[in-house]
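Below, subunit A partners subunit B and then partners subunit C, in two separate complexes.
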Partner chain A sequence: MAVQKLSKDKVAEALGELCKFRLIAPAKSDDVVVFKRIDDPAEAYLEYGNSTIPPKKFAFPQTETLFRFIKGSPELTEANVEEEGTTVIFGLRPCDARAMAIVDKLFAWDYDDPYYLKRRELTTLVGMACIEPPSVNCFCTSLGGSPFGTEGLDILLTDMGDYYLVQAFTDKGKKLEKTLSSQLEDGSAGDEKKAKEMALASEGKIRRSIDTDGVPEKLPDLWDNELWQKVSAACLGCGICTFLCPTCHCFDIQDEVEEGEGRRCRMWDSCMFSEYTVHASGHNPRPTRKERTRNRVNHKYSYYPGRFDVIACVGCGRCINLCPVNIDILDILEQVVDA
Partner chain B sequence: MMKNPYIPYEVNILDAWYEAPGERCIKTFKVSFADEKVWDTWSHLPGQCAMVGIPGVGESMFCISSSPTEKGYLRFSIMKAGKNTASLHELEAGDSFFIRGPLGNNFPMEEWKGKNIVTIGGGIGQAPLRPVIQWVRDNRGDYGELELVYGARTSQDHCFKAEFEEINQAGDCACHLSIDVEEEEWPHFVGFVPSLLMEVAPKPDNAIAVTCGPPVMINFVLQNLEKLGFAPEQVYTTLENRMKCGIGKCGRCNVGHLYVCKDGPVFSYAQLKEIPEAFA
Partner chain C sequence: MVDVNKLRETAKEVISREDVRELIGYRPGTYGFRARPAFVMGPDEAGELIFTPACVNNLASYIVLEEKLPVKRGEEPDLRKVAVMVKGCDSRALVQQMEEKAYERDRILVLGIPCTGVVDMAKVEARFPNILELGEIALEGDRFVLSFNGTKEEVAKEELLADKCKRCRYPTPLVYDELLDSEVERFADDDYSDVEEMEKRAAEDKWAYWEEKFSRCIRCYSCRNVCPMCYCEDCVLDRLQPQWMRRSVDISENTAYHISRAYHLAGRCIQCGECQRVCPVDIPLMELNRKFYKDVEELYDYEPGTNVENPPLLSTFKVEDREDFIM
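Here is the complex of A and B:
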């Protein structure tokens, strides 16, 4: 199939077509842009930079039921992710799609996580290239990503002015193109050439960078370095760096019972909280924010690449943009490099 | 292994008894699967663990304290420490709870064939050593000498008292017991486990030392084993940390780059001495 394009005056119609699935798209919510379930194409807001909260929750919900039970009965009823149906996440940024590809490795490592993997299987990712870096703190190119990156994406859209260039890379993407055959029209090889130039231009506008070569190997040697005390001194332990991180995947498991009906659920957790590691005895192997910050950075930049050959950071810049005390992961990494 | 690793199996309590009294009392549960068919696919080795809990209360990780050579049941010895263990302690024979497993790695029993084995336990730390001891006793011809070093604060705090007596009488291995503080009519060693270890002074030749217990004890036991000439590769221990998933996903139980739940709980000292967080 030749490269396709979607005229901007057909976008609403295309989104309307996609509403027959569980359609997730960026939308305004007060002053911020968030990904949410869309039933009306008019709700979608595609002229955005990046969403404040990454769309990871549609693969890995903030809270989800693992199974249900009646208190005192041995019957456990497994939650059925299939019921959520086929999902299209429309318009996510390449960094956030790449983050899902990175987290997929963890959830498929040795033990398949049936909830996460089923949801991923049911989900098609339609990305939106960043023709401008959305934030001054974007640094995706330092980590193997790109404003036009396609890793993890089934389809990439590129804003060409009056229309979007539509490039499908996977079977899921091609299937979705067929669904939209009435709205799509043939693009040209010239469009693809132009998109490549736009990608280079956008990459050139990224202002921040870090050379991560050797960082995974070096980090364990800096265990007792004074930098950890320095970089964590201001930390409030609020956890926003992890909650807003598209690759953070740590979770808690808790049981809830109401009037005899119970469920075991899992919910996002944060390595920046003290309760995260505290033993029943009260002993905490990571007693202060110093140990917790050190673990967060090591996990992303050393342990994860040690196991999965990829750094668990995509350079989206959210943790920098939204830290209430301006802790900057790139500053930390620069100190690691310089140490 | 389970199709969905988050769904636990129900187990029926065949028998339950207290090992040690007090605020942090220890209770042993002998259990079997409510659905007998689970036994057809269940297979564990000494050192492996299971998430143990009650829907509506929670789950925590415990070692399986029985050897797979003991057929028809599993054992868990659980110290009362928090919400989940307090609820488990309320259960008696005839009640049930739920387990997910087997999880984690195991002691390399195959590799240890032909070697002398010394276990050094403190308090509830004897629970993960028990399956090693039982396994060696049930496969006696495969291993060299077996020596047991075990201590607890008081004689009342000793776990598996009847079994130690039985082992002593059987005479197939040497058994050295200690308490921290002198008691009337205590015929054995008085003092801390690391001191008892120096007293027993096992020889490192063709030997493996396995130690489990409170971190402070392990710390001194490791130092003393080194003094006795044990190389880090000959020394094994188990670690524990707060866990939720037990299958390497939820993130929290790592020491350095190792997940205690999946890469452990069994580690050699050679592995751990490179990891400063291992004894945090």
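Here is the complex of A and C:
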């Protein structure tokens, strides 16, 4: 199939067509952009930099009920992810799609996580290339990504001015193109060539970088290095850096009870919280924010690549932009490199 | 404006004292106009300290965030003082902490900074986006001067000033061992017009407003952790058995969280505004805190964090306390 294009005049119509699925798109609420379920194309806000919260929650919800138990009934009612239906995440950034491809490895590792994997199976990712890096703290190119990266994406849209270039890479993507056949037109090879040039230009505008060569191997040797005390001294122990991270995937499982009904729930957890590692005895093997910060960096830059051969960071810059005390992962990594 | 050389000299003297363990101040951040907390452990490190209108953090929070590990056998606990730089608003957090007997006055050494106002970093970054190289912000008269990339830009103070500063009653610290500059007059009084506007709205309007805000909450607890008054050793939110607050993130639990948080700060919040500053999803938490602040002032003629000798408002009873609002 030739490359396609979507005229900006037809975007609302295309989104309307996609509303027959569970359509997730960026939406603005005050000055905060978050991905949410869209029932009306007018709610979508596509002229955004990057969302405050990554769209990971549509594969890995912040809270999900795995099953319910009703008082007086011996049966468990299990969650049926299938009922959530076909999902289209529209307009996510290439870094966030790549993050999903990275996290997929974990959820399909020693045990196939049925909830996560089912959602991923049901979901088509329609990305939006970054014509300009959205943030001064973007560093995706240091980690093998690109503002025009396609890893994890089914379709990539590129804003060409009056229209979007539409490139489908997977069967899911091609299927979605068919759904939108009334809205799409044939594009030209010239568009693809131009998009390649735009990609190079955008990559050239990324201003922060880190050479990660050797970092995964070096980190274990720095276990007792004084740098951890220094880089964590200002840490407040909140969950911003982990909850807003597109690759952070830790969860807790708890039972919640309400009026005759119990629910076994899974919810995001953060290694920056003090109770994350508290033992039943009360002992905490990571007693202070120093150990927790060390773990966060090691998990992303050492343990994950050790297990899955890829660093669990995509360089989206959210943890840098939103840390209340300017703890900066690149600053930490530079100290690791220099140590 | 605080003279940076004087600041560094004073800091050097302070950290050289035998009875001082560390000094908490500010240093330049890692990019753009950001400044960040500095933890000075020796005289050599005092040279990086700064104070500019970019120094937004309330460092009083670190006094109560300190993590105390059990003292190892044969070792003595380190009882030396912690020195801390505070602006007027931040100093009130220290006063309130001491009103509540969180620690004794001799545990801290306070370097007071008479403050002429700090910026709202979100406004700065919206006005001057994508600045990577370290820039500086200074106040000259009624204008902020921003130096970056070899250029200088001037902006009217009003446009970049943090909202809390616009109604600051106490720009000069209320507690200090050393004042790093001459005292600053209060620039404005608080007329509570924003709170009154909210009070006038119909209940259903208010509910719709807060429902939308609370639905964005991701319960990262940055508002709790940054708060200088949230220092319970065992926070009710972290309790699993019994679990007082569910971990589920939904409008019901989020609302319960934010209302409980605001109530716990009634008569205690000193309006440093840190909770609202750090919120990644821009929930205007100060609107809640300020409603309580106003009520407490009107009902009890009490302002938190203004006098170490004041007993904490809600842990005391006076026969003349108003009770006409109690059913």
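The working rule: the second predicted complex is superposed on the first by the 335 of 339 C-alpha atoms of A that agree within 3 Å, B and C clash if a C-alpha of one lies under 4 Å from a C-alpha of the other, contacts with A are read in each partner's own complex, and residues count from 1 in each chain.
The rule we apply is simple: contacts are C-beta pairs under 8 Å (C-beta built on N, C-alpha and C of every residue); 3 or more make two chains touch, one makes a residue touch a chain.
All of these numbers come straight from a predicted model, not from anything done at the bench.
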Superposed partners subunit B and subunit C on subunit A - clash or fit: fit
First, second, both or neither for A:Asn137, with subunit B first and subunit C second: second
Touching partner for A:Pro285 - first (subunit B), second (subunit C), both, neither: first
Which of subunit B and subunit C A:Gly85 touches, first, second, both or neither: neither
First, second, both or neither for A:Asp224, with subunit B first and subunit C second: first
Partner chain(s) touched by A:Gly214 [first = subunit B, second = subunit C, both, neither]: neither
Following superposition on chain A: angle at subunit A, subunit B versus subunit C, Cα, nearest 10°: 90
Contacts of A:Gln254 with subunit B and subunit C, given as first, second, both or neither: both
First, second, both or neither for A:Leu236, with subunit B first and subunit C second: second
Smallest distance from any CA atom of subunit C to any CA atom of subunit B, in Å, after fitting: 6
Shared subunit A surface residues [contacts with subunit B and with subunit C]: 252, 254
Residues on subunit B engaged by subunit A in the complex (per definition of touch): 1, 3-8, 10, 34, 55-60, 81-82, 84-85, 96, 240-242, 244-245, 247-252, 254-257, 262, 276-277, 280
Residues of subunit A touching subunit B in the complex: 66-67, 69, 71, 74, 76, 78, 106-107, 109-115, 220, 223-224, 249-255, 257, 262, 264, 266, 269, 271, 276-281, 285-286, 291, 295, 298-299, 302-303, 306-307
Touching residues on subunit A, where the partner in the complex is subunit C: 29-32, 34, 52-53, 62-63, 135-137, 207-208, 230, 233-234, 236-240, 243-244, 252, 254, 256, 265, 267-268, 270, 273-275, 287-289, 320, 322, 324-328, 330-331
Residue numbers on subunit C that touch subunit A, as the complex places them: 29-32, 34-37, 39, 57, 61-62, 65, 67, 69, 129-132, 212, 216, 218-222, 224-226, 238, 240, 243, 246-250, 274, 277-278, 280-282
